[in-house]
Amino acid sequence: MAAPPMFFLLATVAVAAALGMLIARNPVSSALWLVLNLFCIAGLYLTLNASFIGVIQILVYAGAIMVLFLFVIMLLNLSALPELESLDWARIGGFAVGLVLLSQLLYVVALELDLGVEPVSGEMAAQVGSAATLGEILFTRYAVHLQVAGILLLAATVGAVLLAQRRFE
Amino acid sequence: MDLSSAFSTIVAELPAIFSMTVVGLVGLVLIVVDAYRNDHPAIPWLGAAALAAASVWEVTQLGAPADTVFFETLRTGGFVAFINLIVLLTGLATTLLSIPYLNQLRHDYGEVYALILYATVGMIMLGSSNNMISIFLGLETMSVCLYVLTGLIREDEGAVESALKYFLLGAFSTGFFLYGIALMYGATGTMVLPEMAAADLATTSTQLLFWGGFALFLVGFFFKVSAAPFHMWTPDVYQGAPTPLTGYMSTATKAAAFAALILVLVHAVPGGEWQLVLAAVAVLTMVMGNVMALAQTNVKRLLAYSSIAHAGYVLVGLAAGTQAGYAGALFYLLVYAVMNIGAFGVMALLEWDGKEGREQTLSSLAGIADRRPILGTTMGVFMFSLIGFPPLGGFAGKYFVFAPAVEAGLTWLVVIGVLMSALSAYYYLRVVYVFWMQSAAEVEATNPVTEAAFPPATRMAMGTLVVCAVALVVLGIFFGGVLETTAGFFEASAMAAAP
Amino acid sequence: MDVALNWYLALSAVLFTIGTLGVLFRRNAIVVLMSVELMLNAVNLTLVAFSQSMGDPSGQMLVFFSIAVAAAEAAVGLAIVIAIFRSKVTVDITEINLFKH
Amino acid sequence: MSSAPLLRLVLLLPLVGAIVNGVAPLFVEDLRTREGLLGTIGTAVVAVPFVIACYLFVTFGGEPVVANYFQWMAAGDLELAFAYRIDELSLIMTLVVTGVGGIIHFYSIGYMHGDPGYWRFFAYLNLFIFAMLNLVLANNLPVLFLGWEGVGLCSYLLIGFWYTDLSNSTAANKAFIVNRVGDFAFLVAMFLIFRELGGLSFDVILAQGPALPEATLNWIIFLLFVGATGKSAQIPLFVWLPDAMAGPTPVSALIHAATMVTSGLYLLARLSALVLGAPVVMALIAIVGGATALMAATIAIAQNDIKRVLAYSTVSQLGYMFMAAGVGAFFVSVFHLVTHAFFKACLFLGSGSVIHGMEEVEHDLEERGHDTSDFDPQDMRTMGGLGAYMPSTRTTYLLATLAISGIPLTAGFFSKDEILFKAFEYGYSGGETYAMIVWIVGVITAILTAFYMMRSYMLTFEGTPRWPLADQAEPHESPSSMTGPLWALGILSMVGGFIGLPAVIQDGKWNWIHHYLGAKYGGPVAEASVQGHVPLALEWGLILLSSVIAVGTVYYAWRVYTAQGLAYDAVLKRRFRGLYQTWADTYYWDDFYDQVVVDTLINGISRKGLAAFDDKIVDGAVNGVADAAQNASGLLRRVQTGIVQNYALALALGAALVVGLMLAGI
Amino acid sequence: MNIPYLTSLVIFLPAFGALLTLFLRRATAIRWTALATTTATFVLSIGLFTGYDPTVSTAQAPQLVDIWAEWLPEAFDVKYFVGIDGLSLLLVMLTTLLGPIVVLSSWTYIQEKQKGYYALLLLLQTGITGVFTSFDLFLFYIFFELTLIPMYFIIGIWGGKERIYAAVKFVIYTLVGSLLMLVGILYLGYAAGEAVNSGIFTTDWYTLLEYNVPLATQGWLFAVFAFSFAIKVPLFPVHTWLPDAHVQAPTGGSVILAGVLLKMGTYGLLRFCLPFFPNVAQSYAGLFAVIAVIGIIYGALVARVQDDAKSLVAYSSISHLGFVVLGLFAFTPEAMQGAVIQMINHGLSTGALFLLVGMLYERRHTRMMDDYGGLATAVPILTTFMIISVLASAGLPGLNGFVGEFLILLGAFQSTVIDSPVLIAFATTGVILAAVYLLHMVYRTFFGELTEAANAQMADLNAREFGLMVPLIVLMFVLGFYPTPFLQQTAPTTDFLLETVEEKRMAIEAQANDEPTTAETPRKVPSAPLEAEEVSIDLPDETP
C-alpha cells in the first residue's frame, strides 16, 4: 500500500482527469484527459506493488487503445457535439441515479471496511503482482482462457474489419 | 504448480473441452479458408459439421458425473453437456438457417460462420465456468462476437444502429458485472465458485461487499438474458439484427447466460437471500415483456418482447431456488431454444424487404400460410408452444418452472406468471391468425408481398424448422426423460461429487 | 503509514460513477465508449487493490483478461462507430433512434 | 284376460297409429293422399281402444289395478316407472277420451277431406289420444305429466296445423307457452310432493298425502291448481283457449272442449283426497272457477265468431267444473265433464259442419266473381237461416244447445243442477259462505249460458240468410260421415245425464255416477247428497229454479232473436253500453298480456335490458379489459424511446434498485 | 370382447386418423378417412359401454384402465392414467358418437382446406375423449388445453365474418381460467403429495381424493378450479365468448363445442371441484345455484331476442348448462345423476339444433331468422327433425331433455345444501322460457307463408343429412323413454362421489375443529435446498 501523499496526489489527478473527460466538449480533449487518468491509475497500480498490471496498463491502454481512439476521432474528423443545454428529465435522473449508485458503492466498499483478514506485507504483494507469478498462473491454470482470449481478439479483429471495411460497389 | 506438470495435465484434460476445441479450431480454419477462397460454399457446411460433431460428443457426455478440469476453472459433466448441447444445436440450426438468408443478400459472409463458432466457444466457456474469470471471459467472447454479428449488414443503417446500441449497453453492463465480480472477490478472496460459497462472511462489511457485489453481478446477467429493466436494448437489437442470428442471440445467449447464473446460484451463493430480487425482476420482466408485446405490429419486435417475457418465466424457476427449479429452468431453456430458433427461422425465410424485417408488419404476411403451408404449420407450432399449450414443449417447460416456484411458496409469482401467459396468448395468436386466417385482400396490406422476394427456402432450412416443430411435440409429450436428466444434475449426490 | 484499502475502493467507486455519468450524459458515441473504458478501469483498480491486499493473484488475472476484453471491445466498438458514421454521418447517439417503441 | 296387457294395447294402438300416419307419409309422398287408408287407420286405433276400454269398464272389479310396464328413471330415492292405473276415474276418462275421440276421428275423415296435411292431422290426433290416455291412466305424476305435456304438444301442433297462416302459429305458440306456465307450477308441485312424501306414485300420494300439514298441502294444491288453470283455461291463464280455435274444428271439439281442457279438473279429482286437506285453496279454486265461468259467459254474449262463442262457453263450463271441485264435489265435476264432452263436442262439430257449409258459400261466391276478402265463414253475422240447408246439423246443434242450457232432462241439466246443488249445499249445510257466492254466480252464469247459446243457435240457423248473394250461393248439408257423429253426440247430449240422476229421484239410488265415483272423489258433500242434509223440498226447489231459469232464458232468447235477429245485438250493446264493449274485447286480457307481460318481458327486459346488458356491460367488460391491456401496452411502449442513453439510464436505475433490494434483504 | 388398451385406443385412434389425413392428397380420401376413423372409434367405444360393469365399484380405480407411470421423473407422481367410470362413460360415448356425425355434417359444408379441417377435427376428438377419461389431473389438464388449439383453428379458419375475434376470445378466455387452475393443480399436487403421498408431488385423482384439503386453502383452490370450469361451462357472467364462438364457428365446430366441449366444464366441476373441496363447494353451493339460475333465466331471455338462429341456440346452451350446474351443486343423488344425464341430453339436442341450423345455412347462406319463414312447406323432414329437437331441448317429457331437467330440479328442490325451494322454482321457470325462445325460432323460421323463392326451392334433407340426424333423433326418444340403462351406468359413480364428498367434508371439519388455526407458520426461505435430500414444502395459511 502506498504512502498517503502519493496516493492522494494520484487519486486527485485521476478524479480530475476523469471529470475532465466527462466535461470536455471536444472528443480529442476527452481522450487526452482519459489518457491522463489511465496513467494515474497505472501509477496507483504501482503503489500497490502490482508491477505487471501497471506496465500492461500503460502498454495496452494508454499505448494501444487510446491511440486507436484518437485515430478514429481523427479519421472521422469529429468536432465537438453540442451538449444538451437544458436540464431535462434524463439528465436529472442520470444525476440522481449516479448519486444513488455512488452512495451505495461507497456504503458497500468504503465505510468501516473490515475484511477480517490482515493485508499482506508489501514484499509479498510485490511478489504476487510480479510478472513471474502472474505469468506462471496464466500459462498453467488459465492456459485455456488465454486461448479463448486469443479467439476473442481474433474475433474482434475479424469483426472490426467486417464492420469497418468499405462497402462493395 | 510448475509449468511442465501443468502442461501434461492440460493435455490430459483436453478431451473435456472437446467441443470448445473443435469449434474454436474449425473457426480458425474457416477464417483461413475464407481468406483464400472468399465465400466458398463449403464454409458454412464446415462450420455446421464442427457443431454437429461437437453436439454428438456432448450427447455422449450427458450422463457424465460432474467434475472440474483445468485447475478448477471449468466444469464438466451432464449439466455442462446439456447446456453445450443447447448452444451447439442452436448454433447448428442458425448456421443452416443462415445459408439461404445470407445467400439472398449476395455478399460474402464467410466470416459470419466463423464468428458464430467463436461465439459458441464463448458460450461453452460461459456454460462450463467454475470460476469468475471463466464467466467473464466466456461472456465477453460471446458478446463481442454478437456485437459484430448484429451489425453484420453494414450497409444497413438499422443493423449498424442495432449493433451500436447493443455494444454500448453491453459494454456498460459489463462494467457493472465486472464490478460485481470484483466486490465478491474482495469479500471472499477467491474467484472459484464453490470456494466463494465456502468463504466465511464473518464481518458485516464482507457481507455487504459480497451481496452488493452479487447484486451488481446479477445486473450483468439480467442484461444478457434481457430481464427487465435491463431489457430495453432487446427489441431494438433484435429488430435490426439479421433474422437467423437474432434467433441465435435470443436462444443460445440466454441458455449460456442462464446456465452460468445457475452455476453461480448453485455453487457460489446457495442460500435463498436472492429469492426476492429474482422474483421481483421476474415479475417485472414478465409484465413488461408481455404487455409491451401486445401492441407490436412488427413480428421480429414482437418476438423480441416475447423473448423478454420468457426470460421472466425462467427467472421464476430460478427464484424457486430448488433442485426442481433449476432442473425446470434448464428444461425450459432447451424448449425455449427450440421454439425461438424456429420462430425466428420462419421469419427469416419469410423476410422480403431486405431490411432485416424491420418494415415487415404483421399484416403484410396475411394469409401467408396458404402459400407456405410448412412454414405456416411450423410457425403455428412455435407460437402455441410459446404460449404454453400442451402437448407442446412450451407447456412442459412452463409447468416445470412454475411447479417448483409453487413448491417454494412463491404462488403469487406463479399467479402473475400464468396471467401474463394468458395475456401473451393474445399476441402469439395474432401471428397465428395473420398467417392462417386472414387474406391479404382482407387487411389491405400496405406492403404486399411478392413471391420472388422471399429467400429461397432450402431443403435444409425447411428441414431444420420441421425438426424443431417435431422436437417441440416430442418434448411436449415425452419430457420425462429429459427432465429426469436435468433433475439429475442437481441431485445432492451429483453436487457433492463436485469439489 | 499506508493508505487503507478502502481509500482505493472509494476512489474506484468515484471513478466508476464518473464513467457511468459519462455514459449517461455524453452524446458522442466515442466519448461514451471512453466512459465505459473508464468504468472498466475503475473496476480494475478495485480488483488490483483487493488482489494485492489479500496476496491473491487471481484478481490480477481477471484484470489481465479485462484489459484484453477492453481492447477487443474498443476495436469492435470503434468499427461500429465508423460504420455508423458512414451511413449516418454522425456519431450523436441521440440521433440514432431508428428503432423505438 | 287380465287387464294389464289389454291396457297396453289401449295405450299403444294410438301411438302406433300416430307413428304410421306420421312417419310413413313424411317420407313417401304418395301415401299422403291416401285419405281412406289414413283415416281408417287413424280412427281404428282409437275405436279399438274404446272397445277394449268398454270391456275393461265392464270387468272392472272395484279394486284399482296397477300395471307397471318398465322403469322410466331411477336416481337416488326416485323410482319412476311407466305405471298405469285402472280405476273408476281413469276408466270413465278413458271411455270419454276414446269414445268421444273415436267419434271425432270418424267425423274428421270427412271434414278434413282434401287437406294436404291429412296425414299429419291424423297422426297428431292419434298422438293426442295417446298422450291423453297417458294422462288419465297414469299411476304417477310424471307419467301424468308426460301425457299432460303431450296433449299440450298435440294441441300446439293442431292449433298451428295450417301453419302457412302465421296467426295460427301465433295462437299455437301462445297455447303452448301459456300451458307451460301452468306446467311450471305442476313441476314445482311435483318437486314439493317428492320432497314431502319421497314418492310420486298415486299410491304413495293418496295414502300419505292427506296426512301432510295443511300449509304444505295448501302449497301443493295451489301449485297444482295453477297448473290446472293453464290446461283447463281458468283465470288468469285462459287466454290461449279462444285463440286455439285457429285449429281445425274437430281439434276444437276433441282437444279444446271435450278432453284436454278437462285434464286440469281430472288432476284435481285424482288428488281430491289431498285437495280436501287444503280448504283455503279449495275456496280459491271455487272462486276462480266461478269468476271464470261468469267472465267467459259474459264474453261469449258479445262474440260473433261461432267458434269463439263456443270457446268462451267452454271456458265458462270449465269454470263450472272448477266450482264443483272447489266445493269438494269432484265426482260432480267429473259428471259435468262427461256431459260437457258430449254436448260441447256436438256443438263444435256442428259449428264445423256450418263452417264447412259457409266455406262452400265462399267458394261459390268466389266462382261468381264476388269479392270474398271480407268474408269470414265463421262469422255468425253472415250466417242466418242455415237450418233450412243443413237440417241435421241444425237439429243436433239445437239438441246440444238445449243440453248446455240446462233444459230439464237433458244431460246438461242433470250435471249442472248437481253442481249448483252441491255448491248450495256446501254453503248451506257445510257452512262455507264462499260456496253460496259460488252458487249465486253459478245461477247467473246458467242464465247467461242459456242466453248466449240460444243466441248462437238463432243467429246461425234461424232467420234469413245474411251472406251476399244469398239467393244464389247455397250451402249444403255435410256428408253423413260428418252428420253421423253429430247425431251420436246429439243423442248423448240428451241422454247422457241419466248416469247421474239427482238424489230426489229414488233417494239417490239411481245416481250411478255418485255411487261409482262418489266414495273416492266425493269429499264431504258426497255423503250429504245421498243422505240429504238438505231437506228434500229445498232440493226440489233448487231443481225447479234451475229448470225455470233454463227454460225461461231459452224462451226469452228465442223470442227476441226470432223477432229482431241480428238487430238484438245492437239492443244488447245499447243496454250494456261500456260493459258490452268490455265483453267484446274479452276484458282486455289479451291486451294486458301482450302489452304488459309479453312486451315488458321481451322488448323491455330481454331486448333493451338483458341483451343490451350482455353486449355492453358483460361483454363490454371483457373487451374493456382487452382494450385496457392494449392501451397499457401502447403507453408502456413509449418508454422505449430508441435513444440509447435512456436505456442506459434504465439500466443504471435497475442496478441501483437491485443493489438496494439485495442489501435491504440482507 | 376384450380388446387390450381399449380406452387408449378410443382416445388416440382419431389422432392417428389425423396423422393419416396429413399424408393424403385427395379431399374425398381425406373425408372418408375421417369418417372411417370416427366410425371405428365409435364402434370401439361401444366396447367401453359393454365392458364397463357398473356393479363393480370404481371407488378404488376406474375400469378399463391404461397406466403408464414412468411418464414423468420420480419426483412427480404423474401418470398417464386413463380409464372409465360412470361419469366418463356416457360422455365418451357422446363424443365418439358425435365424431362421425360431425364429419358427415361437414361433408359438403367445408369446401376449403379440407385436410386441415378434418385433421383438426380428429385431433379435437382425441383431446375431448382424453379429458373425459383422464384420472390424472395433469393429464386431464393437457387434454383440456389440447382441445383449444384445434377449436381455435376451426373457428378461425372456417368460421364466419367475425371468426378471428371469436376464436381469439374463445382461446384467451379459456386460457385465463385454465392457467389459474394450473397454479391450483400445482399447489394441490404438492400439498397432497406432502400429506398422503410421502412427499411426492401427485396428481393421481384417487390419491388426491385421499387428501383432505385444509379449510384455509380450500377456498382459493376451489376458486381457481371453479373459475376455470365456470368459463368453460360457461356460467354467467363469464359466458360471452360462447355466443361469439358459436355464431362464427362452422357447423361441425358448433356441434362439437355445444355437444361435448362445454361439458368439460361441468365434468370438471363434478370430477374435481366437488370431491376435492367439499366444504367450500358446499358452502358456496348457494352462490353457484344462484349463478346457475341467473344463467338459466338470463340465457333464455337473451336467446329470445336474438335474430340469428345460431346465436339463439348458443344462448340456449347457457341456459341449459345452468341446469347442469344447478344439479351438481345440489348434492343430491337425483340432481347429480340428472346433471350427468343432462350433459348427454344437451349434447344430443343442442347438437341436433346446430346441425339443423347449419343445414339451413348451407342451403341459404344466412342464419338470420328473418330470411326464412314458411320452410315447413319446403322441407318437411328437416322441419320435423327441428321440431323434435326443439321439443327435446325444451324438456318435453318423452324426449331426453325432460329426464335431465326433471331429475335436476327434483333433486335440487330436495337439496339440503342449497335449501331454497324458491330458487329452484325460479330455475323451473326455465321450462317456460325454453318454450318461449325455441318456439319463437320455429315460428319465425318454419311457419308462415313461403315468401322467398330461394326458400321455396330449398331441398329437403338428403340421405347423408338424414342419416346423420337419425341417430340423434332416435337417441332423444330412447333417452326420453328409457334412460334407465344409462342412469344405471352412472349411478354407482355419482353415489360414490356424493359419499366421498360427505365423508371428506366431515373429516375436514373435524380436522379443523381439532386443530384450531395454528399461528401463522413462518414462510420458509429455501435455504440450501440442494443439500436437503427430501423436499419439504410449506403450506402458507392463506385464506381466500
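Per-chain numbering from 1; labels A, B, C, D and E assigned in written order.
The definition used in the following text is that contacts are C-beta pairs under 8 Å (C-beta built on N, C-alpha and C of every residue); 3 or more make two chains touch, one makes a residue touch a chain.
All of these numbers come straight from a predicted model, not from anything done at the bench.
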Compute the shortest path length in steps from subunit C to subunit E over the network of touching chains. 2
Interface with most residue-pair contacts lies between A-C
Starting from the Cα centroid of subunit D, hunt down the chain whose centroid lies farthest away. A
I'd like the Å distance between the centres of subunit D and subunit E, where a centre is the mean of that chain's Cα atoms. 39
Subunit B and subunit C, separation of their C-alpha mean positions in angstrom: 26
Between subunit A and subunit C, centroid-to-centroid distance (C-alpha), Å: 6
Residues within subunit E bordering two or more other chains: 172
Would you please write down the residue numbers of subunit D that are in contact with two or more other chains? 626, 637, 640, 642, 644-646, 648-649, 652-653, 655, 659, 663
Among the residues of subunit C, pick out those that touch two or more other chains and give their numbers. 9, 16, 19-20, 23-25, 27, 33, 46, 51, 54, 56, 58, 61, 65, 69, 72-73, 76, 80-81, 83, 86, 93, 96-100
Chain pairs that touch, as defined at the top of this document: A-B, A-C, A-D, B-C, B-D, B-E, C-D, D-E
Within their complex, state which residues of subunit B touch subunit D. 164-165, 168-169, 172-173, 176, 207-208, 211-212, 214-216, 218-219, 222-223, 228-230, 232-233, 235-236, 273-274, 276-277, 280-281, 288, 291-295, 423, 426
Interfacial residue positions of subunit A with respect to subunit D in the complex: 90, 93-94, 97-98, 100-101, 104, 107-108
Could you list, by residue number, the parts of subunit E that touch subunit B in their complex? 70-76, 138, 141-143, 145-146, 148-149, 152-153, 156-157, 163-164, 167-168, 171-172, 175-176, 179-180, 182-183, 186-187, 189-190, 201, 523-533, 535, 537-538, 540, 542
Would you tell me which residues of subunit E are touching subunit D in their complex? 169, 172-173, 236-237, 239-241, 298, 301-302, 304-306, 332-334, 337-338, 374, 376-377, 380-381, 384, 391, 396-398, 402-403, 406-407, 409-411, 413-414, 421, 424-425, 428-429, 431-432, 435-436, 439-440, 443, 446-450, 481-484, 487-488, 491
In the complex formed with subunit A, which residues of subunit B make contact? 1, 3, 6, 10, 17, 20, 24, 27-28, 31, 70-71, 73-74, 107, 111, 114-115, 118-119, 121-122, 125, 133-134, 137-138, 140-141, 144-145, 147-148, 151-152, 154-155, 160, 163, 179, 183, 186-187, 189, 200, 202-206, 208-209, 212-213
